[in-house]
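Same chain, two partners: chain A is paired with chain B first, then with chain C.
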Partner chain A sequence: MFDFLIQGFGVALTPLNLGLAFLGALLGTLFGALPGIGPINGIAILMPLAYTLGLPAESSLILLAGIYTGSEYGGRMSSILLNVPGDAGAVMTTLDGHPLAKKGLAGPALGLSAVSSFIGATVAILGLTLFAPLLAIVAVKFGPAEFFALMIFAFASMSAMMGKDPLKTLIGAVLGVLISTVGVDSGTGVLRFTFDMPELYDGIDFVVMIIGLFAVSEILLMLEHAFRHDQDGEMAPIGRVMVKMSEVLYCKWAILRSSVIGFVIGVLPGTGASVASAVAYTTEKRISDHDNSFGTGNMRGLAAPEAANNASAAGSFVPMLTLGIPGSGTTAILLGALMLYNINPGPMMFREQPMVVGGLIASLYIGNVMLLLLNLPLAGVFARVLQVPRWLLVPSVAILAFVGVYQLHSDLMAIYLMLVIGVFGYLLRKFGFSLAPVVLGFVLGGLMEENLRRALSISGGDLAILWQSGLSIGLWIAAAAVAFIPLFAGRLKARFLPGRTA
Partner chain B sequence: MTHAADRILSLLLLGLAAFIAVQAWHLEVPFSYDPVGPKAFPLLLAGLLALLAVVLFVRPGPNGEWPSGALLLRLLVVMGLLVVYAALFIQAGYLLITALVSVAIAWLFGASPPKALVGGVLLSLGSYLLFTYALGISLPTGSWIEPLLGAN
Partner chain C sequence: MPKSSSLRRWLAAAVAGGALLAGAVQAQAKPPECIAPAKPGGGYDLTCRLAANGLQEAKLIDEPMLVTYMPGGIGAVAYNHVTGVRNDDPNLIVAASTGAALNLALKKFGAKQSVDDVRWLGALGVDYGAVVVRNDAPWQNLDELMQALKKNPSSVVIGAGGTIGSQDWMKAALMAKSASIDPRKLRYVSFEGGGEALAALLGEHIQVFTGDLAELKPQLDSGEVRILAALAEERQGGPYADIPTAKEQGYDVEWPIWRGYYMGPKVSDEAYQAWVERLRELSQTESFAKLREGRGLFPMSKFGDDFDQYVKQQVAGFSQLAKEVGLTQ
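So, the complex of A and B:
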């Protein structure tokens, strides 16, 4: 059963791929640590690099996965040292991480978060290795109707769990799906929403979309940020760099519990690191906060979200690799990257592309060890990245965005389109949307329509096929449950706990 | 903390949904065995979007601060710079236009003029060397330089 893993290590241990895993880990940490960039922007900006190098599919996926996990490591730096979370998943890290840094324990806090991240990721990668092949066996039974229901489930669980505002999450997802309908309709060859522009016939290019949405809008947001607060917070000195064994042991149960929580939540499609770290933090606070010291610099309060954060990052590979449904906005980007190589993620991938899947999982093991080795001794060096001034950072982001799109298309239209999408992304963010659902909708939209239409052409147009098998009925019920439970949970809480507001 | 922005957004979304519906409706479908065709999915989405927009109108949420005055002007200037960057990317050549745009952006982000000048020029040179020699990307030299090079 684990042939794919043995094969995978064979792929991942070639010098080229080892080098790429290292490069990805390094670049990911650096970009994740850059102020205001954060994991998802880091991947968006670095993604074209994987194509530029002209790598085979498994190698570029290894590079991207290294960047992904690395940026999760790097993202914690600005959370702990500056109290500025790089993305939603890092918010919980600031709660106890920054107080620790203020106490003069910045170095140990960074070390502890590296160790917790390592353990969280390891638990989750083990889970991925065991669980993914099993799920892939079930997934083979999925027909187009089941896939359609599964995607509805993914959007339902995403809107229930991701972000503050379920309504805007849904609107964002619908907008993303709509953008995916631009271009030639694969079923009939009809041009949709192209407005007679030949550049749009193939649809909106994935790289153009991602770079515009994240990098260009980030430039505008950074300008606002710089204008409103002239200076970032004072950076805490690093102090002693290594974390003590006793400090890690103090947190061992917190780390293990949170790793499992993070993995399970990461596996659910549509729910990513932000939910995982929040659930882990509140659980840990309930279990082990005896002296009410969470929030004032308790090491467990730092270890829990960090372990969960990284566990969910690896966990979200499970639905992506087995079902083709990304578990988070970031894995949605990775999925889009896979599709550019004409690899259709889904249940058949485990059989048809064992090199890619195995190589990726093996490289997660390797990358994780590399990240620990990089991050423990070099935390102080990476922390310097935080002091890169904005006036140097912003032109660099612009350069990377322009060159990234130009080298793929050698075409000015693509760059203009990127700028337009950038303004669109900026407006969305100002209206309080998070971008992850938009990306998820954009990536899944094509598959969703394709599966719907395939199902209906099997049944000759009869809608009932969508809920005929036990599997699809189960998925519809699950989708309804996740969509409505938060609504009822809020009411129940209000009824039984009148003193507290939910 | 105003709810007006969400109301405006919901009207925009309604307009968008109507636009999509009309566009999709007018798609001409050739004969095919596909019982659904290219119209249904966009129409379904337009309907869903309209529904969500109505909900948003009834239950708007608070919004962040919207830029105005000097900040809005700066945002427009940066956007304008990026458009200029795109427009002259090929004609002016990578080295020149990247240096100019980087200097301008750095200055807008609060660097002192000498710092912006040195930083922008170094950024342009450094990234050019990195992209061309380390990553093998060919960047535009600029249509005004090429005749000069050809004359040699």
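So, the complex of A and C:
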């Protein structure tokens, strides 16, 4: 049954392919680490190159898959070090990763997240190897109604993040949802909030949103500090650089739970690393945040989203390899890459192209080990980046991001938009809003609206479709549970354990 | 102040030198460039790569062709850019498709932009619309499906990868119109791209998918889907030989999705003709045929005035159609 995998290791272990897997891992880490160049752009840039070099199909797929998985590793770096997410899946990583860096634990944070990434990816690759065809059947059962219920669940989980100021979290999420409505309406083709600017027809680009919201606002904050001659001494000196075994063990259940969550969400076509890491983080906060320290540098709060985003990257290969349907934006491009070689991914691929499928899966195993070996020692090196003064570091990263975004849009409008969003982000931060709910509202809101409307067009306007299948009923119950149980739990605790709360 | 004046002289020299240098660079022939009016990785990207790789392999260009991305407004940003800013660049071509013609007809590229504002260069390949159902669907041929729709247009859930007014919706609307069904009565669900729509078909959330023929090859091979009709003028060869056209089943609908290019309005006739010849020559090489098939495209050769006429006719037809189905007044 696993002939294709043995054959695959034969393919992946040739010197050329090992070298390419390493190159992909390295480049991917870099692409992920630089905000503005995510896996999608990295692959799009290198795909034609791989083709022009005349690499055989399995070799170039190994290279491109290495970039994809590598960038999920790299995305965490600027999240932890700069509080600027390196890519879509790394937004949640800022929440506990950056506070850890502020405490002088940048090295251990990078190390721990590398280990969580490794475990997340390994769990998902095992899942891919063992259950791919089976999972594919379940994945397509997820229709618009089920996706809508999943988004409701994700929003309900967000209430877990409402720690200090529930109202501000809510307002932030609503602002995000509002921003997601800009652009051509996905159902009717009507233009919404585009003000006759064609640049806004496609909506606001995720990268533009992230760089503006996080990086530009960070620079504005720094300018303000400089102007008032504040001490920008929020960074503790770098302490030890290696993560301790006890820290990894402290997070083991968080990592394993999040790996499974990430994999399952990755398998669903249409949702990716950003949704996976958000659900994993909020779930983990519910389960293991006993002392309310998530968001202030809790190691589990860092490990959970990192395990989940890597797991979802590997999970999104399932629908691509078994159904020919991309599970994420990045696998959509990989699908295009395969078609360049006259290979049509789909149900027949396991039979017709075992070399390619086996080689790819084998290279995911190998690439994952390489990424761990690459990222563990590098954690210490990258932690030193923090010794560069922030007034130099953050603007440099922002400039790189600006260049990247301009290169992709060939249009200044994207840059202006980024600046406007930056001012918006600055104001939000001045008023004490957290940025993560805004981004989550932006990502989840768009998906929620689209799927609600799809479901209703399928049913002809009958709302009952939203809770007709077992899957969606389960998700509704889960959503209600995460939203309301804490309320009751608080009250019950107050009633039965008055001594503890008082 | 001798110091500052000498500094000024140096600065002036530097500026002049810089300007000269810039001028020289400007005068030098720039490498050929293809704008993909979308983000990397989509159909427009592939269209540009088709020209870039093909021309390079056939040695029809001296320097590698640059592919740049200009996403925004489903192609509107690039259209405005080429009609306004780089309207005379002899080295610049822009990827386009049936979708661009449709958007022009629907005035989605801006109220002032028209099909006459650019120079249509040629098309290198084409795919065709297809009406697809799951292999366990009750309809064995197009007629059975159309009869069901006639009886009750909202009894069948149709889905595809575009909004109302998009290409995918147009396929469904045209099918309805050919059987005298009001397209507005269809139950149409729009997804984000054909992949998601196909997943919804396989997961039994929708019953009919109006997709593209070549795109469906993997699912066709595995027997998971049945293609009721190809929206082409005639049957295609190879693996598609058994798929009847809509026309031969009595429904006169064609939906070719061509992949081609345009240039700025002020490009000289000379430069325009040179590109026309380049593309024509490319389409006749054997290596290109392989490349084209790799992208899942059927042959199409329309270049120069021939193509220009074709696109203009198509846009006029779409405008008419949009009025009939109630998309525009």
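We adopt the following convention: the second predicted complex is superposed on the first by the 271 of 502 C-alpha atoms of A that agree within 3 Å, B and C clash if a C-alpha of one lies under 4 Å from a C-alpha of the other, contacts with A are read in each partner's own complex, and residues count from 1 in each chain.
Throughout what follows, a contact is a pair of C-beta atoms (placed from the backbone, for glycine too) under 8 Å apart; a residue touches a chain by one contact, two chains touch by 3 or more.
What you see is a predicted model; the values in this text were computed from it and never measured.
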### Task
Could you look at A:392 and tell me whether it touches chain B, chain C, both or neither (first, second, both, neither)?
first
### Message
Which partner chains sit in contact with A:403 here, chain B, chain C, both or neither? Use first/second/both/neither.
### Response
first
### Task
With the two complexes superposed on chain A, say which partner A:460 touches: chain B (first), chain C (second), both, or neither.
both
### Task
Go through the superposed model and pick first if A:324 touches only chain B, second if only chain C, both, or neither.
second
### Message
With both complexes overlaid on chain A, does A:220 touch chain B (first), chain C (second), both or neither?
### Response
first
### Task
Return first, second, both or neither, reflecting whether A:131 touches chain B, chain C, both chains, or no partner chain.
neither
### Message
Let me test your reading of the model: by the given contact rule, A:44 touches which partner, first (chain B), second (chain C), both or neither?
### Response
second
### Query
After lining up the shared chain so the two structures overlap, which partner does A:345 touch, if you call chain B first and chain C second: first, second, both or neither?
second
### Summary
Footprint intersection on chain A (chain B / chain C) at 52, 185, 187-189, 457, 460
### Query
Given the complex with chain C, which residues does chain A contribute to the contact?
40-41, 43-45, 47-48, 51-52, 139-144, 184-189, 198-202, 205, 269-270, 319, 323-326, 329, 332-333, 335-336, 339-342, 344-349, 408-411, 413, 450, 454, 457-458, 460
### Query
Hey, which residues of chain A end up touching chain B in the complex?
49, 52-53, 165, 167-168, 170-171, 174-175, 177-178, 181, 185, 187-190, 192-193, 216, 219-220, 222-224, 226-228, 230, 389-392, 394-396, 398-399, 402-403, 406-407, 412, 415-416, 419, 422-423, 430-432, 449, 452-453, 456-457, 460-461
### Query
Given the complex with chain A, which residues does chain B contribute to the contact?
5-6, 9, 13, 20, 23-24, 27-30, 32-38, 41-42, 45, 48-49, 52-53, 55-56, 59, 61-64, 66-67, 70-71, 74-75, 78-79, 82-83, 85-87, 89-90, 98, 101-102, 105-111, 115-116, 119-120, 123, 127, 131, 135-139
### Query
Within the complex, which stretch of chain C touches chain A?
35, 39-41, 45-46, 49, 52-53, 56, 67-74, 76-77, 80-81, 108-110, 154, 157, 159, 163-166, 187-193, 195-196, 198-200, 202-206, 217-219, 221-222, 224, 293-296
